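Notes follow the structure.
We call the chains A, B, C and D, going by the order they appear; numbering starts again at 1 in every chain.
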Amino acid sequence: MWSVIAHAAVLALLPPLLGGVVTKTKALFAGRRGPSVWQPYFDLVKLLRKGVALSATTTWVFVLAPVLAVVTAVMAGLLVPLGSFAPPVAFAGDFVLFAYLFALGRFFTAAAALDTGSPFEGMGAAREVGFAWLTEPALFFAFLALARLSGSLSLDGMLRATEGAWLQRTAPLVLTAAGVLIVLLTECSRMPVDDPTTHLELTMIHEVMVLDHSGPLLGLVEYGAAVKLFVLEALLLHVMAPTARVTGWPGLALFLLGLLAVAIGIGAVESTMARLRLLHVPTLLIAAVLSCGFAFLLLSR
Amino acid sequence: MRAPGLALSLLIAAGCVLAASGVPGLLLRWRSLWGPRIAASATVLGSLLGLAGCALVLGGSGAAAVSLPSAVPGGRLVLADDALSGFFALPVFVVGSLGSLYGLAYWPPAEHPRNGRRLRFCYGLLLGSITFVTLARDGVGFLVAWEAMALSGYFLVTTDARSREARRAGWLYLLFSHAGTLCLVGFFALLASSGGGFALHALAPGQIGRGAATVAFLLAFVGFGIKAGAMPLHSWLPAAHAAAPSHVSAVMSGVMLKAGIYGIVRAASVLPAPPVSWGAFVLTVGGCSALLAIAFALGQRDLKRLLAYSSIENVGIILLGLGLALVGRSAGRPDWVMLGLAGCLLHVWNHALFKSLLFFGAGSVAHATGTRDLELTGGLARRMPATAGLFLLGSVAICGLPPLNGFVSELFVYLGLVRTAIAPGPAWAALPAPVLAATGALAVACFVKVFGGAFLGTARSAAAGEAHESPPLMLAPMAVLAVACAVLGAAPGLAAPALERAVAVWAGHPLPGPSLAGLAPLGRISTGAAALLAATALLTLAVLPACRRGRRRAPELPTWGCGYAGGSPRLQYTASSFAQLVTARFAWALRPRERPPRLDGLFPAPARFESHVGDSVLDRVLLPRARRLRKTAARLRIYQQGDLQQYVLYIVAAIALLLLFNLPLNWLVGTLCGP
Amino acid sequence: MISLLSSLVAALLLVNLVALGTSRISTVVRAVASQGVLLGLLAVAAQGRLNGTVVALALASIVLKGWLIPVILFRALRQVAIKREVEPALGLLPSLLLGAFATVLAVAAGNRLPLAETRLAPLLIPASLATVACGFILITARRKAISQVLGYLVLENGIFIFGLLLVDAMPFLVEVGVLLDLFVGIFVLSIIIHHINREFSSLDTRRLSLLKE
Amino acid sequence: MPPIPVALPLLMAVVVFYTPSKRWRPRLLAATAAVHFGVTVAILGGVTVEPAGAWLRLDAPGRLLLGVISLLILACAVYSVGYLRYRVERANRRFCACMLAALATMSLVAYAQHLGLLWVGIEATTLATAPLIYFNRTARSIEATWKYLIISSVGIALALLGSFFVAYAALLGGGEASLLFSGLLSGAGALSKPWLRAGFTLLLVGYGTKLGLVPMHTWKPDAYGEAPGVVGSLLAGGLTSCAYLALLRLTQITAAAGEGVYANRLLIAIGLVSMGVSGALMLGQRDLKRMLAYSSVEHMGILAVAGGLGAGATFAALLHLVNNAFGKGVMFLSVGNIHRAFGGKTTDEVHGALRRLPLSGTLFLLGLFAVTGSPPFGLFVSELLIVKATFASGRWAVAGLFLAFLLLAFAGMGATSLSALQGRPPLSARRSTYRDSFTTFAPALCLLGLVLLFGLHLPETVRALITDAATALEVGR
């Protein structure tokens, strides 16, 4: 019971912090002091208080998209275990739901971008869906590998099976982790795939899709993005660093620390790497597919 | 027990009523409004009868059979019903009746004087013949119903016989269809030659040799696969669906293709002891169909051609399920069989529902704007909101996204595939799972393009600007289908018993091991769907007031053009450029014909860029082969130029050949034709 | 007896070569007519005895092939007013050589075939095959329509020779039917020849190639 | 004393020939055909007993053939009444007389029990039908007639030589050289093999010329193309059936003599070649009647293959014979109407036949599906049975080629026919006087109805007729 409440609370409250940590890390790397790690919370509050400006061309799809972005991300979050705690919801095949929830969110975000009728947003939407078709197979190869490893059909079982498998099954897990990392960077539109802080619309992916959102809607978009980052980070953390050995609350604490570490790592990646040319992104994604697929083939011997 | 006989008689009556629904209209004058009305009401009546019959069959009342003497000596025309037939017959009645209602408003006699009556007659005939296809249990009867279906389909495709495009599409369809029928003739003849009569019942393992069984399976797969539109055999499909009236396209894509699937499923259940290679073969074809077809769909501009390609993709998904079931059958794994076939069958229903919904929507778009070109539409969501909403629901469903029905069937297939992965031994059978994932993501891209291109943004043409909402008679059928999609998606448990019975019929016996509910999280799906809807509703209500206020404050606010003020509809990202990022990756398969612009000098003159994605198999493989064949055949003509002496010499030559060389010839022919 | 037979057969084969070797159509008609007469005699000689059927058969053959049909053909010739076969598809000498070769071949083949008895067959079968071959050569090597009719007649004669081996097997009625068919056939053909000459103002079969693929 | 079905039409032919009235001749023709059909029905029904002569006897195959011919020619005769009304400018004396003569000679073939008599009958059919081809009196029709006469006569002459060979084989076998089928069949074992083989080969070529098997088919497109449609149906339905029955009888004798394998291989090979070549020549064919001629060649190929499949396929072969006779009847009669209405028969002149002639056009369309073996028409059933027999005899390659050639034929016929049926009719056609009348439409409709019936449900009498014929032809195979 407590675990469920804790899970919900963490899922609801923690995500913006990760974003703050990433920004902070980048600032430090850049030698600036940078905004406080709590800045995302302030931004959210500010946005929620603001009014909405709706373009005359938009329809209800435009409003529905941010809502679904949040809802899908949160629901996906309810499927991943946090540390030693089992997720509130776990059942055979929930990994499919996990992946398809994000697809649902993507559908509406892209549709909303087209809804504005702005050339730039259409461009961003095209890139979003145009890259996703390579991240999905990578993710599913990862799931196959984990399922083969664990013999389980639910995310919970899959992610716990990495427990102890690192010793004898190192290579597949490294490959899987690498693939999942690339998937994360792409899905959360991070370097080297996308630069969330750029101001050149022509080069953006995710940010350009939400150019027209404002006020609470923008707030929802930002929050949804944060939750998505959080969830995928949790997934990645489970694959590459099993923390479930430490059971109970300490385990949860340790896991959250791990999440912060991952966030710092992402910050480091972002500040040390340059953004790839858009034409080269698919190559990176294919590399992800191949590494996860190779992991599966190694395991299915 | 009377129930089985009752179910069968209901289904037969339904078939007859449907087949005859268009006949009264033929006797009336084309201008009379009663022809369509009578046809529609007869179709609805027949469909109600049929639905009752399906309900009984799927409800588990035992199977019955009737038989009449047939033209084949010792053969009989057998009609029988079982859960499998009922399962495939149901979409006929649902989509058929809704389509006829839609047609009342979509194809009124006033607008189509010449072909309305023929259209309605063939439409009824198509529905009736498909019903009998599912009921027939002997080769001759099956082929008769099959050909009736194919020919009525041909006349429906060529409804607008004056347009060259429709005639060409129809001829292509007819040629493919006849090739398929000949393969089926071979299939049934082979079964009969080894299994005895033409009756279509499961053969005993020893009854047919391994080689013969494989040849039979391939014949059936090609013959039925042509109708189903499996990937290398699909070339007739896009043109035909684009040429036919929309409610006909809905029936063809939603129901007629499924007759092909039914054939493959039935054949696979009739042939004994499938080797594992069959399953692998079907999985491969299914995977290729799904992935490549959706890529082709992304390349299309014509809305209905796009939907046709997406039908091929869904057929691919269905085949994945079937292939999994076959693998499970040869590996002796009931859970694989259950999940695979359940996914296959449920996706048949689902695709029937959302694809006909989408075709109805496409019809409404064409009806309102007079074009099917996605580059000329746009901004319809504000002019025809109801259509837009229903179309959006259909798009979400066909992408297999929760909480709608497409997700459920794909989940079954995924579960089965992953079960093969966690089973000990080689896990090659799981490889289609990532392919299916990529397909799903591409489907999202494709239908975002469709919905965005047609309904979102601003109108790209004057016609789209003056579009009008469709009449209720066209909206109501779409609404019914949308509700059905939602119900199947939210409560898949409703379909579980029917699915299990159908699977039991296919396997020949109730499967051991856990039930479908035990294998797939049906309950969790329902709760998840409920939660998703509830959360969305709450959050939407939360932000709605703010949006209202925003609208009221600034009703005429333009979109933020990143500082560029002079926005024009032509500046919008077009559907084609939206898809370009993906289609470029698939250029090796799509082979787009591109005419790049010539840009030179510092200030290049205005240039135009053209790109067109045809059907590679047709344009690059079949048509060249056909041309070469014609050229080779024409070379024979020079031997027949009207010279009598030459003709007499042929006779002498024939004698010489047959007489003087009769021994070597004998040997040659002997090696060729056997004893 | 045998000597008579063999001399008749030799005459037949000689007539074949004459028909092949001349370009004057009236000569060919006469050749065919004489062949008809020879066939009648051959029928009697082959039987070696005079019973009703044989005599009737011989008479029928002589009357039809030796008299009636030539009359018809001469009438046709007069109507179409042509004298000789100019520029045949295959030259006269080549076709002559070909005929001779075919005859030799037939004789050679005749000695290989399994035969019922050694009196008639060794003579008649090669003769019949050779005549058939000459008929074919006549049909295919000549261009005038009427020459093809003549070739067909020679062909028929060859078959008739073979028929002489089976007089007992072949009921008289059938023999007469065969001859009747032949007669009617020639009759119809001569009519058609007349029409061809009217429509195409020539008997050259090269003109007869409107119908082709 | 010759039997009535032979004597009656012969007599009436003379009567009609000397009938002065142009209007009465077609009616007499139709009446005679009707009476002939009545007599035939009576005979088949066993009402009248037949004189069991040695040479002229109606055995089971003969009964089947007689029924087919009689019905087909009845349809043709009724059609001619309406047809000749549209061709008042033509003299119809020869036409009517020759139709009756053809009926008589074909009936003679059905009765013939003697190899020589059979030959006489078939040669007579050639002569009787030649003037019919020449009906139009144009240069093209003369040429067609000439080629028909020469090629068929040469072929038939070879058939006579072949018959003599067979007789000689019997002579050599030591038996009395009777050419009665019963005698040949009973003494088949003693026949001398080389002579029999040679004889069968010559007979195959000879009667194959009448059937129109490749490469002896060259006369067929010309004759069918230039003859009136009704004559085409007579040739393609009746004449070919006679020749095919003759061929089957000889195959039976050859098989009984132990040369079955040889005969079967020859038949299958020549049949497949015919199917392939005719299919190739139908591709891009622009003349409707020539297309039908090649389709007839193709069906003869199918029949040859079926005949070569040995016992078990005989029923299918005979069923296909019946269906083909009636199906070709439908096609030729309706294409005759189209020819009348458009004043042409190539796809350059004929467009939109479905709109110009709704009745005949529809008949032609349905006939197209019928002769291409689409369900539910009778030819589909027979082809299905033939394919089954092919598989059953283990000839997989033959079955594959068979199906491939069927598709080829469909591609050729379909493209040509549909381009003629669909589209807008040219102005000239819309002006022309021809309209579908009862007599020009009903016969084809009835034939199509029969083909459809045989596809859905074979009536017991017809089935018995075919089964008896099949069993009689399978004795000794």
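Assume contacts are C-beta pairs under 8 Å (C-beta built on N, C-alpha and C of every residue); 3 or more make two chains touch, one makes a residue touch a chain.
Nothing here was measured: the structure is a model prediction, and the numbers come from that model.
Averaging Cα atoms per chain gives one point for each, and the point farthest from that of chain A is the centre of C. The interface carrying the most C-beta pairs in contact is the one between chains A-B. Mean C-alpha position of chain A lies 78 Å from that of chain D. Distance from the chain A centre to the chain B centre is 36 Å, each centre being the mean of its Cα atoms. A separation of 43 Å divides the Cα centre of chain B from that of chain D.
If you average the CA atoms of chain C and of chain D, the two centres end up 31 Å from each other. Counting partner chains per residue, chain D has residues 143, 146-147, 150, 154, 221-222, 281 touching two or more of them. Shared interface positions of chain C, i.e. residues touching 2 or more other chains, are given as 136, 139, 148, 208-211, 213. Taken residue by residue, chain B touches two or more other chains at 636-637, 640, 642, 644, 648, whereas all remaining positions touch fewer. Here chain B touches chain A in the complex through residues 378-379, 381-382, 385, 388, 392, 395-396, 399-402, 407, 410-411, 414-415, 418-419, 421-422, 426-428, 430, 433-438, 440-442, 444-445, 447-448, 451-453, 456-458, 519-521, 524, 528, 531-532, 535-536, 539-540, 543-544, 546-547, 549-551, 553-562, 567, 569, 571-573, 577-582, 585, going by the rule given at the top.
Across the complex, chain A meets chain B through its residues 51-59, 61, 63-64, 66-68, 70-72, 74-75, 89, 91-94, 96-97, 99-101, 103-104, 106-107, 110-111, 114-123, 125-127, 129-130, 132-141, 143-144, 147-148, 150-153, 201, 211-212, 214-217, 220, 282, 289, 293, 296, 300.
Residues of chain B touching chain D in their complex: 68-73, 139-140, 143-144, 146-148, 151, 158, 161-162, 167, 171, 174-175, 178-179, 181-183, 185-186, 188-190, 192-194, 215, 629-630, 632-634, 636-637, 640, 642, 644, 647-648, 650-651, 653-655, 658-659, 662, 665-666, 669-670, 672-675. Across the complex, chain D meets chain C through its residues 55, 114, 116-117, 119-120, 123-124, 126-127, 130-131, 134, 138-140, 142-147, 149-150, 153-154, 157, 160-161, 164, 167-168, 170-172, 176-179, 192, 194-195, 221-222, 225-226, 281.
Against chain B, in their complex, chain D makes its touches with residues 143, 146-147, 150-151, 154-155, 158, 197-198, 201-202, 204-205, 208-209, 215-216, 218-219, 221-222, 261-262, 264-266, 268-269, 277, 280-281, 283-284, 308, 315, 369, 372-376, 378, 380-381, 383-385, 387-400, 403, 406-407, 410-411, 414-415, 418, 422-424, 454-458, 463, 467.
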